[in-house]
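All remarks here apply to the structure that follows.
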């Protein structure tokens, strides 16, 4: 007789293609109860969330804008996790980058963006590195767990920013706790007219490509991955484990810092204590959904941006509480992650 | 109104549970209930670029007559969009000035009733220590606290006012602990800029002042009164202007002050009897002087004592 | 002297939810699961507890609801990370996102965005143990506070004096070994999650049913993350975790008093103090941190 | 009637068929040896018997009753005990905790009672063990005894040992076998997996041979011979290695080690002024009972640890300690004690082959993928590695993983070879192959230091034999006139005064 059995081994291509669809369907079923309770139709909710944004040019532009910071933090987390260094501190490192960018953008007296913007990026990268330095050193020299130190430093950074903006940096014009506005030369050019897509998007893509090249094609990259996969063996092979962990952690912090620069230079034009809406934490999600690969990170950043953009209109169009967006995003994330497992199985016919 | 209602949209950066935006939402909801406007809103838009997206989409797709909201933390975005849609009236809470042709600004200018509350606090305190618990030291909070302090010290020179900020618009548990710390330090009357403080006053059988809305029903034995903000006058004025087609960008400050009924001292309820008559008389007289424009309460937006911060050395700009 | 006692009283109050949460997280991590869903779990527990209490008029049913919520979310965490073996980091953050979303979503639906936080008629009482003595204020606490303190020796006993604890630690150290010893690794991890979830439920319930008797946004405000830190600071040892929770609560209480005294310091630095001290302390215990060896590692036989 | 019977067992891992229609049975009170090359399917079959894997087809019968073993718990309930290739102990727990784990009898732990039971069980087998010792601090042999203790404490009737002797010294092996005999006397049945034919004849009554997942033979041990068995396993005649002992005691010293001292974390001395040297064209074997400092010596000489004091030179140059990278520069080839610490399972075979010399494949930080691939293909060919360059290393069998390590280090024409337990757990074919490679290196003129707990291996390969005891070299022999008994005596510290004989 002939029976089917499920076993390990990569799934056929056609099946992988429909996995995202499966994820959406399952999520749909799971959250439709909530949507109905809120008095809306699940179908229209998902249409607003996943389809509608793609049908409007402005919304498509918004998606690029929203993907920019989470792509950067996602890449930052990817680098660190690849080294087996669990940097949950991208949030704080982002703020560090923002501070540096705002400082350069307000202090450096120049008319030339060509001079100003690169300096902001460099300063932001360095600031992010510096904020990532302490936990990295503690990890490499004292074996102090980085998850908790980076996590805690996020809170510390928020207080620091708040102290800065309530104190020496308070905007003399509005008196609101935000830095003075950065000079015109420091404001990122807008790429798509009547949209907020700014230079940061290009920066993010370039960073992503560079990191992709480094991780897959360079000695440093493979050494970092070796350390991430098996520290003892990596050490046996003569790789300076501590040094590689340190480097990966610092690069990660620097890239997260760039996300801060991009938000200050491209969105706000000043430093504020609300620079990020959890971009650092979303970076962890982007990186893991992307399976710690750069192409994966790019895709998941775009996808999360799509859902984020959809959520903005959805709550108004259907008038349901705005939090429905968060719920559906979270559900999509978890279900999506779970359905990715299907990649690893195939159904075989045996007799 | 016989002509059909105006279409009004409101964009709030915080959730509408937050008292500041709450006041705007309540007033607009009231106007909607009267049938004067069709009201839609979106809240918890946040501060990371979404405000502009929401405003543009609404302006494009529903093109309402008026858009209310708070621009704090989103000033540039709001002003950019307002510029692009001159036919829509933008009326936003803001720390900056109005912009022609179509951006009006307002704010919670309730320092006057805060000052009056201070007069009461300064008179009734026995320990001579008055406690204040606030969210963040932003101008909107500072000037209320400073006016309150002005009132306290006017009637009671040696009274000291202790101010604590919990660095959050919410977290009532932290507010409670902050208030308790004040009580432990000897404060016998509390000003509750945030929620959580009144409970502590009640537990310790002390008196407290609410803020932003009439909070007497939270603890009738405890809440004497407090500054109340009412967006009604502001909204009415704007709607009239728009209906008359005479709308322009203005600073609507006055409509949030006592003279126009935008600010007031919450009713005293039982405390009409409890409080010393002379004190009440003095407060009522001062209240009258203010509404008649005969008395000015200082507007001081510097961070008050109790949370001392270094001298305002500002960078750049 | 008095002010010192008042300080300690405040310390105990502030520590309570953090202690409950940290004890729960300790149990879960000892079994090899890092539950970053804790922040959201606290919020949804606090909310469900509040709603249940208000609609049934019984604080006790509220407490039960909060605990069940904590357990339910932990089971979800188990399904994703234990059964499916997915990344604990992401699933934890995802659950925090989900639970927070659901809580605020329901809050808006039920209470329609009222700008005065809904409150209960009554909240859990405080017990005065030493009335009339100098220590009265210190021992005038919510009964849940006393429970949280009693839970410390309880958890220690559970981990080190019972077969359950031995197995729980085993699956957190070396699941392969536990498995070959005939222990059901998945079952143990689920049990640990359930127990930990119950503690997280208590943490949420303390805030909404005891300390506040109300629910509002920001009611948790990062307390879950602090718990995560304290578990590591406490080196996964119940008594050290207690020390960590008290340290945190104490510095918070002190910070608020210094502010009220008008100490000339940017108050943000005072607020940041507990976090900085925790990091410093972790740096010191760092060297001999005794990780559950299988933390973050899903268990698979084939 | 057999106490236990497996019928038509088939187990697939994806496309690979690890067990193919295997039938296997165990009589009461017998020791049944299970033979086969790496990857033959021995462990898989036993893991199925212990409920760790589920068979795709086939039945298992205990005492004639068909049983389904969904988990080790089921197997334990059926009286089956299993000591796996990689010990299943919790290093941070005490002996007692490890033994009673999962079988605690009462919900609240009575430590005193538990200790007593453990000690009693141990005494039944006439071995003494500290019930309060932290397992992580025990020697390999002791840990194995803890494993056996676990099985017996759970009242097993059938004890499965997966390559128990691979990690044991002759002394420990003897102890183990005497324990097995004792168990047999008490009526237990034993299945023992091994690669060492002599052991099959010492201990077992019956022997089953697997090849490529199939049973290729089952005999009463008495009615068979080593050659017959090895033919069954490998499918061909095996040739014992031929060693030419023509080494020159005046060759230059390539590896020179002086006065190494080292203490473990608890401060107990592990090495006490150990010195040795190895000359060009010489294989020096270090024999010793497990836990006498071999591991420490190896980790120092492979760059993984720092001694408290002492020094070492490689062909005259100072050997920097704790710096593995520098060693490959000094042309020191290293074969680690634990081969899983020598390769990175999640990286490809090619990457593992090149990583130690990654510098050679890098231009300005950029990897030359083409060059790497060619290099990998060459080594895979030269060293008969059964894998493609892009396979993840973890998918390889133990023997092939070891070949990766050999290929990687020997391809560099080393001056010095540090070979630690180079054939641990390898089958006859692979072992032969490794021995050949080491002898080749010797012919090339390299100095080979062989640290092994397999005394036969040392005697077969070495020109000189050193005996290590409690962190010192207590004896030196020319291999030709090494006397097993004297060796054994020195290894166990029986005679402390230095025996010295010259070649």
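The letters A, B, C and D name the chains in turn, as written, and every chain counts its residues from 1.
Note that in this section a contact is a pair of C-beta atoms (placed from the backbone, for glycine too) under 8 Å apart; a residue touches a chain by one contact, two chains touch by 3 or more.
Just so we're clear, the structure is a prediction, and the values are computed from it rather than from any experiment.
> Averaging over Cα atoms per chain, report the distance between chain B and chain D in Å.
76
> As a quick test, compute the distance in whole Å between the mean CA positions of chain B and chain C.
35
> Could you tell me the distance, in whole angstrom, between the mean C-alpha positions of chain A and chain D?
The answer is 46 Å.
> When you check chain A against every other chain, which residues touch at least two of them?
Residue numbers touching two or more other chains: 8, 159, 162-163, 166-167, 323.
> Taking each residue of chain D in turn, which ones touch at least two of the other chains?
13
> Which parts of chain B, given as residue numbers and ranges, touch two or more other chains?
Correct list: 43, 167, 309-310.
> Tell me the shape of the graph of touching chains, choosing from line, ring, star, complete and other.
Here the contact pattern is something else, fitting no line, ring, star or complete shape.
> Please list each pair of chains that are touching.
Listed by label, chains in contact pair as A-B, A-C, A-D, B-C, C-D.
> Please name which positions on chain C make contact with chain D in the complex.
161-164, 166-167, 169-170, 173-174, 176-184, 290, 293, 301-302
> Any idea which chain D residues touch chain C in the complex?
Touching chain C from chain D are residues 13, 50, 52-53, 71-73, 75-76, 82, 84, 86-93, 97-98, 100-104, 106-109, 150, 154.
> Which part of chain B faces chain A closely enough to touch in the complex?
40, 42-50, 52-54, 56-58, 60, 72-73, 75-76, 84, 94-96, 136-139, 167, 301, 303, 309-310, 312-317
> Would you pull the chain C residues touching chain A in the complex into a rising list?
Interface residues on the chain C side: 34, 80, 84, 86-87, 89-91, 93-95, 97-98, 100-102, 104-105, 108-109, 222, 225, 228-229, 232-233, 266, 268-269, 271-272, 275-276, 278-279, 282-283, 286-287, 289, 291, 302.
> Please give the residue numbers of chain C that touch chain B in the complex, ascending.
Chain C residues touching chain B: 3, 6-7, 10, 13-14, 17, 104, 107-108, 113-117, 119, 207, 211-214, 216-219, 221, 252-253, 256-257, 259-268, 271.
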